[in-house]
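Down below are the structures I want you to see.
One chain, chain A, appears in both complexes that follow, with chain B as partner in the first and chain C in the second.
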Partner chain A sequence: MPVILVSSDNQDFKVDKEVAERSILIKNMLEDVGESDSPIPLPNVTAAVLTKVIEYCEHHRNDPVQVPEETDDPRKRSNDIEEWDMKFMQVDQEMLFEIILAANYLDIKPLLDVGCKTVANIIKGKTPEEIRKAFNIVNDFTPEEEAQIKKENEWAEDR
Partner chain B sequence: MLPEILWQIGPHLDQQHISQCVLACKTWNTTLTPFLFQRVALPKRKLLPSGKFGTRPMITGAHIRHLFCSPDSNTILRQITPQCTAVETLVLGKITPEVLPILRLCRNTLTRLEMIPNPHSNSTTTLTQTYQRSLSILGYSQVLPRSETTALLGAILDLPHLDHLVLDYLGLRDPAHVLSFFDYCKRLSTLELHNNAVLVQAPPDMELNCLRSLSLIDSSMQLVDQMMLFLQCPSLDHVTWRKDGATIPIQALSRTWGSGLRPLKLLDIASVKVPDEGLAEALVHFQKLEQFVARDTLFGPLSKQAIVDAMRSTLEVLDLVDCPAATSEVVTEIMSLCWSLKSISADSLRVLDVLENKWVCGDLEELRVVFIGPSTMSKSATQLAIYNRIATLRRLRLLSLGRYGSTSRWSVRSILDLSLNNGLGLLASLTELREFDFCQMYHNIGIEELKFMLKSWPRLEAMHGILSADKDRAAFLESFLQHIRPGVRVKHNLKYQRASGRE
Partner chain C sequence: MDAHHHPQQHVFIPSDEPLDHRAVALHFSWFLDKNTLLACLRVSRSWFAALEPCLWHSFTLLRDLPSPTLPQQPFQGVQRQQERTTLHPRRYPTPGSIQRNARHIARLRYFGELPFLKALVPHLNQLRYLEVTRYTEEVKQLLQQNATTLHTLILKGDPLIPGDTILVDRIWHHLLDCSALRVVELNSAIVSDYEGTKFGKVCHKLTSLSLIDSKFLERPKSDDEFLHLHTLVLERSYLPTEDQPPLFELCPVLENFTWRSRSGKLSIFKFLIFLNAGRGEALSGLDLSGSQIVDSDLASIIRLLPGLTRLRACNSLFGPEATRVVVEVRQHQIQELVLLECPGFGPMEAQIVLTACSRLQVFSAPVVNAMHMAELAVLTNLRVLRLGEVTDMEEGPFLLDLKVHSGLGLLSTLGRLEVLDCEKLKPVMEFSDLQWVVRTWRSLKTLVGSVHPNFEQRDLSNEFLASQLPGLETYLTQAERSLALAAR
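== the complex of A and B ==
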């Protein structure tokens, strides 16, 4: 049974209910609305991003639903990103962030995880200057402030 | 980048990476600093450094989720306790009434509590076994005075969400204390009792239904009482039973196990002196074992046969370090028959045994072994052959070619010298490598070798070993490493005990 999603720029997207329900937000909305056929407005998601999100949900429509784990430490979960997801995430940075925001809003945990892991992988192993270059950040610290933060954080080291 | 996004990404980054991120700009600093302080190890000193440096923990105490204290840091603990309202994991180094306030403050958030007077086993300078033994003769690992036991026990029993408990030193012997303690343990899923935690038998008709993992490490309880305790836990899948030099009745335990309880997944009996036949007999009843830690035991050919017969498709982790009867032949046979192995640790493998037998455990993720001669080929040809063989283990995450954690006194010399000239470059296929260990090994690692490692092993996080005998050169190499790959941890341990298989 198809469900109609409407993006913030008023574009309609017809998707199967099963695919749409990968988003917990949409799933709950559908449960509340019941049998009605009215389209679901998504004012926080533009058409371009929604296209990508739907593409992800289509590909993963048959995945088992993730059970929230007891040890909710994403670093401990050693599931690396699969190949399709990696190719899927090869978009420009702005789109990457939009996908993360959309996954957060629509409550699609696997997509959120993949997005965050992708960004985390960009950050890993970089010095602060390289991080600034990668994300176009302006350094608003004075050298003294920077040195002080480094010193202050030294003591809180993981064993 | 918007703070909301940073907030989502924070949990996916390790502390070493976050410490780089917080230096990027002010927004990143404010948003990501809480993640930096989620895991905090208190420094091994008596007082916090004063001044602005010292006020940091005051501000960020509320973010701390996992707090590790060393024996000397109880004073610091007392200072920062008022701010630490949300600690989930607490590891205490010294048990004194000073720890009561934090137990009470965090009673609603604590899920893991560990109290051991010895330094936490993950620390880099732990004591060798002989030294520990002599300390206990001196009465170092005594018990808590009776008056303090009641207060401390009360504070523990008051924790509603505790799931994982490691205890020592409490000296529970009062029947009322013992009864209420084990009654509380009914809700735990992990319990680990070290030597002087509980001194007497547990209430015999009590069943600890939720317990999945029970560890008795050098416990002062009678052996028979210890065995009874294991049998009182119907849902166990993890058993650690260590008693240095003792002949624990593991066969009796295994026989009773076979009949009714859940299949055992992890068995850790390091340092016990059960003879090889006894171990083999026990293994027959534990056929679904996935992890077997038999470090410093009499594991030998009979036990090897038991494993190869029943567990070649299920055994994933095997630790045979310091087992004099686990010879190179024994280990080679296991590696050529058990294809489900993910981690194997042993003393040494002879080159001849390696080259004459094919390894079937291609999915190995951890390998800890010293490759020794003799060999019929030249030194370089031998090294090339060995590197070629290691290179087939493409899933390797941890490679230790030195004497990782072995505490025995005999010396062994690896035939590998870790230089590019002799074939180190063949290890370029190990793209998943996270940890590389070359402790207690003569080697020729220089700047070219480091460059190779950083280029070929993008996921490298830690290196263990002395980079150079010359202190200046070592410092230079280390700073080179840190510059190219900030956050790589270089640990210089010479002799250390392997961290226990917790977590």
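== the complex of A and C ==
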């Protein structure tokens, strides 16, 4: 049972309903719309990103849907990415962030997790300067401001 | 992570943008250790703005204890001496930081009677999770301020003050006002004998209720069933018997039921009637440890639970009959089986279970030893392996020959192993065996005990494993691990 998704740059993607419903946003839209087979517009996702997202959903179409308990501590590990997912995430940084934002918008939690874990692994253990280099970010703090932030948040450091 | 760095890409509908960033930033922060998160705050202004609130999402405030390990400094002056003997102050956030950020606290764990708490409380109105050890009047204020958001409430007495109890009567009408409240856990609590109705009203909205080391002079009163309660934990708690039905009878959608009670016996007869009426269909997790249930009753119970996947029955008479039912009707679904200190569960029963139950992820029994390597090897889903004591030993610790060439190699199938507990049964391994472990059990995250019986070699072995397996945590005993987890 195919579903048509339309990217922000007006490209159509024909996808099995089961695959599309890995996105809770799309799943809810389909439930609201009922039997209609009109295309679903996704104004927040470009074709390039949607291609990757669909690839992920296809591969994981049979995964059990996990509902996390509200009470659980939300902090998680990042050293348990599956091999396929690791290869899937070997994209340039811009695409990596686009995938994370798309996974958040489309409400595909496992993909959001994998994206966040991938970025977390890039920056783990790095100093602020090393993180800036990794992402080409300009430092817009003065040295005094940076020192103040460090001092102000000493209480949170892991001893 | 910030759209400013990708000027060509227009990803968001502008009105949604701030919220989307916040949700993503928070989600992302959960995968970072504290120190990396702190480094991120200093990267740039936009990273600081996005991530500073995330630092405050989960806030823990525990009691300071005097540091026992300050070094002796024989030639220090008077001031140093004074520092040595005072409490090590925990470094606290500045008032400015609290003003800006305390409102982002969604999960709070604190120890009551800490002066710093008073500075925080006025800012807290977004709490979803509240865990308090040592009740103080601040609890009432927090319940009032967070009545529309609070989802989970855990109250505990002070473990260092014997007899420290929480009189829940003080807060019933606050609990009734908490519209989002779904999970309640009460430790060392007392409920008076006229509060059954309020108790019942609160239970009606809950999905999970845990009563631990508590005394209930009246049980929750209700004419109707608790239609949302899927988890019920009764641990060492006293509930009056009266003429009221047992609590589980009011819970038709129960998925997890724990009865670990030293005082008061679980009415097995009533429980079996309850299950026989088809009311145990949703039950997937059952913990009857310490309930002294006999083998045949356990067998009947397991037979009446079509959805059972997790069973704990430590300190019970779980034996051949219950084993037979598990392997005949539950062998393809049982994922967790914990049977410590069950004198009726011997090596033969262990062998039968290991052979039949292919989906086991957690298995703890006293008799897992070298004989079972081949059976263990088929449990490819096993996540937790706890090596137990051999019951006919007079002196411990029993040493288990766990070398690659004497059986360990067979366990290369346990690719998902996350926890190895060898506190009770110490493996004797050589360096090549440790290298095998780090190559093979890549998912190993927790090691309890030591992989070398020799005292000097122990720390070196554990350090080696920890250095080769990222994220591995090592503890010498389960007690040490429990303390560390509680402190987190």
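Rule of thumb we're sticking to: the second predicted complex is superposed on the first by the 147 of 159 C-alpha atoms of A that agree within 3 Å, B and C clash if a C-alpha of one lies under 4 Å from a C-alpha of the other, contacts with A are read in each partner's own complex, and residues count from 1 in each chain.
Note that a residue touches a chain if its C-beta (ideal position, glycine included) is under 8 Å from a C-beta of that chain, and two chains touch if they have at least 3 such contacts.
Note that the structure is a prediction, hence the values are computed from the model and not measured.
> Looking at the combined model built on chain A, do chain B and chain C fit side by side or clash?
With chain A aligned, chain B runs into chain C, so clash.
> Please indicate which partner A:E31 is in contact with in the superposed arrangement: first for chain B, second for chain C, both, or neither.
neither
> Looking at A:G125 after the superposition, I want to know if it touches chain B, chain C, both of them or none. Which is it: first, second, both, neither?
After superposing on A, A:G125 lies in contact with both chain B and chain C.
> Determine, under the contact definition given at the top, whether A:K150 touches first (chain B), second (chain C), both, or neither.
both
> Looking at A:E83, would you say it contacts chain B, chain C, both, or neither? Reply first, second, both or neither.
A:E83: touches no partner chain.
> Considering only touches as defined above, state whether A:D92 meets chain B (first), chain C (second), both or neither.
So A:D92 meets neither chain B nor chain C here.
> By the touch definition at the top of the document, which applies to A:N139: first (chain B), second (chain C), both, or neither?
A:N139 contacts both chain B and chain C.
> When both complexes are superposed, which of chain B and chain C contacts more residues belonging to chain A?
C
> Applying the document's definition of touch, where does A:L101 land relative to chain B and chain C: first, second, both, or neither?
A:L101: touches chain B and chain C.
> Which one of 74-82, 182-190, 200-208 or 272-280 is the stretch of chain C that crashes into chain B?
The superposed arrangement places chain C into chain B at 182-190.
> Both chain B and chain C touch chain A; at which residues?
Comparing the two interfaces on chain A, one with chain B and one with chain C, the shared residues are 73-75, 97, 100-101, 104, 112-113, 116-117, 119-120, 123-128, 131-132, 135, 137-141, 146, 149-150, 152-153, 155-158.
> Under the definition above, what is the set of chain A residues touching chain B in their complex?
73-75, 97, 100-101, 104, 112-113, 116-117, 119-120, 123-128, 131-132, 135, 137-141, 146, 148-153, 155-159
> Using the touch rule from the top, collect the residues of chain B that touch chain A in their complex.
Its residues touching chain A are 1-2, 4-5, 8-9, 11-17, 19-26, 28-29, 33, 36-37, 39-41, 43, 49, 52-53, 56-57, 60, 68, 120, 122-123, 458, 485-487.
> Spell out the residues on chain C that touch chain A in their complex, using ranges where they run on.
For this pair, the touching residues of chain C are 1, 5-6, 9, 11-13, 20, 23-24, 27-28, 30-36, 38-45, 47-48, 55, 57-58, 90-94, 96-97, 107, 128-129, 151-152, 182-183, 208, 443, 445, 470-471, 488.
> Residue numbers of chain A touching chain C in their complex, please.
43-46, 70-71, 73-80, 94, 97-98, 100-102, 104-105, 112-113, 116-117, 119-120, 123-128, 131-132, 135-141, 146, 149-150, 152-158
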